Amino acid sequence: MVEPLSRNQIAWRAAQDLEEGMVVNLGIGMPVLASSYAPAGREVIYQSENGIVGVGPEAEAGHADPDLVDAGSRNVTLASGGTVIDSAGAFAMIRGGHIDVTLLGGFEVAANGDLANWDAQVPNKGQLVGGAMDLAFGAKAVRVMMQHNTKSGGPRLLKKCSLPLTAPGCVTRIYTDLAVVDVTAQGFVVQEILGGLSKDELQAKTEAALKYSNDLKTLEAPSGL
Amino acid sequence: MVEPLSRNQIAWRAAQDLEEGMVVNLGIGMPVLASSYAPAGREVIYQSENGIVGVGPEAEAGHADPDLVDAGSRNVTLASGGTVIDSAGAFAMIRGGHIDVTLLGGFEVAANGDLANWDAQVPNKGQLVGGAMDLAFGAKAVRVMMQHNTKSGGPRLLKKCSLPLTAPGCVTRIYTDLAVVDVTAQGFVVQEILGGLSKDELQAKTEAALKYSNDLKTLEAPSGL
Amino acid sequence: MIDKRVDSIEAALIDVRDGASVMISGFGGAGTPANLMRGLDACGAKDLTVIVNSLRFLEGQAPGLFAEKRVKKAVCTAARGRGKTPSDYELQWQAGELDIDMCPQGTFAERIRAGGAGIPAFFTPTAAGVELGEGKELREFDGRPCVLETALRADFAIMRGAEADRFGNVRFRGSQANFGMAMAPAADIAIVEVQAFSETPLAPEDIDLPGVYVQRIVLAPDTGEIRG
Amino acid sequence: MIDKRVDSIEAALIDVRDGASVMISGFGGAGTPANLMRGLDACGAKDLTVIVNSLRFLEGQAPGLFAEKRVKKAVCTAARGRGKTPSDYELQWQAGELDIDMCPQGTFAERIRAGGAGIPAFFTPTAAGVELGEGKELREFDGRPCVLETALRADFAIMRGAEADRFGNVRFRGSQANFGMAMAPAADIAIVEVQAFSETPLAPEDIDLPGVYVQRIVLAPDTGEIRG
């Protein structure tokens, strides 16, 4: 079997689906890596929920401006044509349906598109919802990037989420280290599968039933990422 | 009897009650004249509901900027320290209780503070509410400037308004050409009366019962305004 | 490369069809999209819903909208003609041919802001307990009566700014922003006529309306006479 | 002459008493009023209600607030400590000593914006139909379920800006504005620590937060280390 995709390779794959002119919000963690991998020459506008409209690359070492951070508290730059608004304005943009795509991390996704990505119910730890729920409810398309399985090997693509939901029925596509899976009215439909991984093997790692696209492709990403 | 106050004199009198640092919205018509008459050296911040925070004097002839108007469509300037926001922001400021005083024109005021100043029910003419209602509901203090009587001599200080209300129980003080009248829990209380005008004469021009302040003063304003 | 410019007023309004809803910014001539308003008049679309502060300013630039009875509904704060003789829209209103939703101006602005911000409805004290608020749902908050107001959205929003770039970022000057800042996010297609186009992206601090909210930019250096 | 400057952090916070409610801006260190937060710690007030995005950032600058159990209620979007060992606020939350109102961040920002804008309550889709939204009033708009959220106000709001003038006008730089733009109007007394004070009024186009919304300005050139 081919090696499962690395985090950067998952991010690369997700970035290939970002289109010219789209307004995109990248969640903290793996999703934010995607900003490095949009195809060259394709102009994507990255919004960050702390107010940045047009996030540019991370600041180079020694050039960080502590007054300019993104929602992941990274020291960033502004893209050409970018500007900064306030948090209430940024969430008005999110809630108002002005974000074409949000790429979010996930704990669990159900076959009906339910997303659980905010409360892992860790014992003795407090809650942290941040902007995840607003993005999951507000963006026009919610796409999830995550490992196909938990660290202990359990499934994350479920019949029904076990953790508290972030938003119901919101996810349209999932990028994992093993596959690209669409959420449709008929449940999960695999669009791309890792080379050398059989359908049975993928299903064994997935709780909910998988269907396959008539146009099933091999999941590929550049090596060395 | 001394001459009733002119429009500019009424505006002058109202302006004397504006205090240092107050944020004040002046209604269209007579109220906007008050901005010329605040005592010298007293810094008052004039807000205009189309977005100006810090309205300065009207533009001098030949220097009008058509892109900078106030809510009365006057070509104005910005005061020192002034800025411009948008209409939704300006009304958030008004509704949110950030306007210390609004001076408004009025058709009728009732002894309980009800104000009617937006719909004179002119036959065959459409309605125009503008920002009057937001100001009457939102400002911390609503003060009305108007002629004591209608053109045909009818009263404007009433037991009960006959025209559709702008806001209930909002008016705290009325400046007319004949008197300064406070609206209190006990109804109208005259604070100042035009020199030579008797209490009986003023009452005859007023529908609702008038009480008089223990500290009743003569209504005065500089001549020649 | 993102480039939101269109070549002409006509091209900017190409898909305004019968039954469209259009938000129109402007206050006292500032931010008033006089060229786009004239274009709206010329495009011939009817059964329109207009969301505009003052019908007088709309009639001033686009008299055909009312003369030809092409507006079926207006959401506005001012529907009074200038003279003693009733205007076309006053006559149509009285005849029941024009539906007018008369809003306090702050409620008008906030309903539009809500439409762009994904807030379907909100409570406000303005108009509670007076005739204009009759028929609206009432509820007290902290002892103060409030009415429920719903969001406004539209197919199109038109406005005027000072300068724009290819991303659709707009700089307003003076008091041009007025209703436009809230209208652009509340419309599917926001169209901004601008006095000047900047070949280089606007500086971050010069951007009042982010291009995310703008779909079309059209260069129109002069407003012509604005009648209000 | 209007002059909203106060001489020190202590003077800026002089009337923060037991039982006060305090909004605190800042995101990822930007706009974080580190000096005022330290002053809040030092002032000793207890039974506080804090309205702040992240309790971790509050504890970072003002550890005494939690170590001394001086916060009775927190409205926030993040109440998770950094390490595996529970933080003071996590322990107090579990023990029922600290009431936490956990809000989606957009709802948090909008509730504050509503508080400053005179909107007592609004409907929003966010959290409708999920556990976090349970217990809230539900209503459908255009077929979409929404929850009713109420406005937030406070006695005080504290934030950091780049520059201010005597009118209280504030310029933010970078992403400093974040929650502060909404918090200042939502508080009776908004206090802004700034890196620099301008002896001349700020230029109109440089003003992000109008002085109308600001009651006190305190000069604090350095933030010191911001712990989050």
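Letters A, B, C and D mark the chains in the order given here, with residues in each chain numbered from 1 onward.
As a convention for this text, contacts are C-beta pairs under 8 Å (C-beta built on N, C-alpha and C of every residue); 3 or more make two chains touch, one makes a residue touch a chain.
Quick caveat: nothing in here was measured; it's all calculated off a predicted structure.
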| item | value |
| --- | --- |
| Per Cα centroids, the chain farthest from chain B | A |
| Centroid spacing, where centroids are CA-atom means, of chain A and chain B in whole angstrom | 56 |
| Whole-Å gap separating chain A and chain C, where each centre is the average of the chain's CA atoms | 36 |
| Cα-centroid distance, chain A relative to chain D, in whole angstrom | 29 |
| Chain B, residues touching no fewer than two other chains | 84-85, 92, 94-95, 138 |
| Junction residues of chain D - those touching two or more other chains | 110, 113, 117-119, 124-125, 205 |
| Chain contact graph, described as a line, ring, star, complete graph or other shape | other |
| Every chain pair meeting the contact rule | A-C, A-D, B-C, B-D, C-D |
| Residue ranges of chain A touching chain D (in the complex, touch as defined) | 49-52, 65-74, 84-92, 94-95, 124-134, 137-138, 164-168 |
| Of chain D, residues touching chain C in the complex | 110, 114, 117-125, 141-142, 144, 146, 150, 205-206 |
| Chain D residues within the chain A interface of the complex | 27-31, 55, 77-81, 86-87, 89-90, 93-94, 100, 102-107, 109-110, 112-113, 124-132, 162, 173-182, 223, 226, 228 |
| Sites on chain D touched by chain B in the complex | 1-2, 113, 115-119, 165-167, 169, 185-186, 201-202, 204-205, 207, 210-213 |
| For the chain A and chain C complex, residues of the former touching the latter | 20-21, 23, 43, 45, 47, 53-54, 78, 80-85, 91-98, 138 |
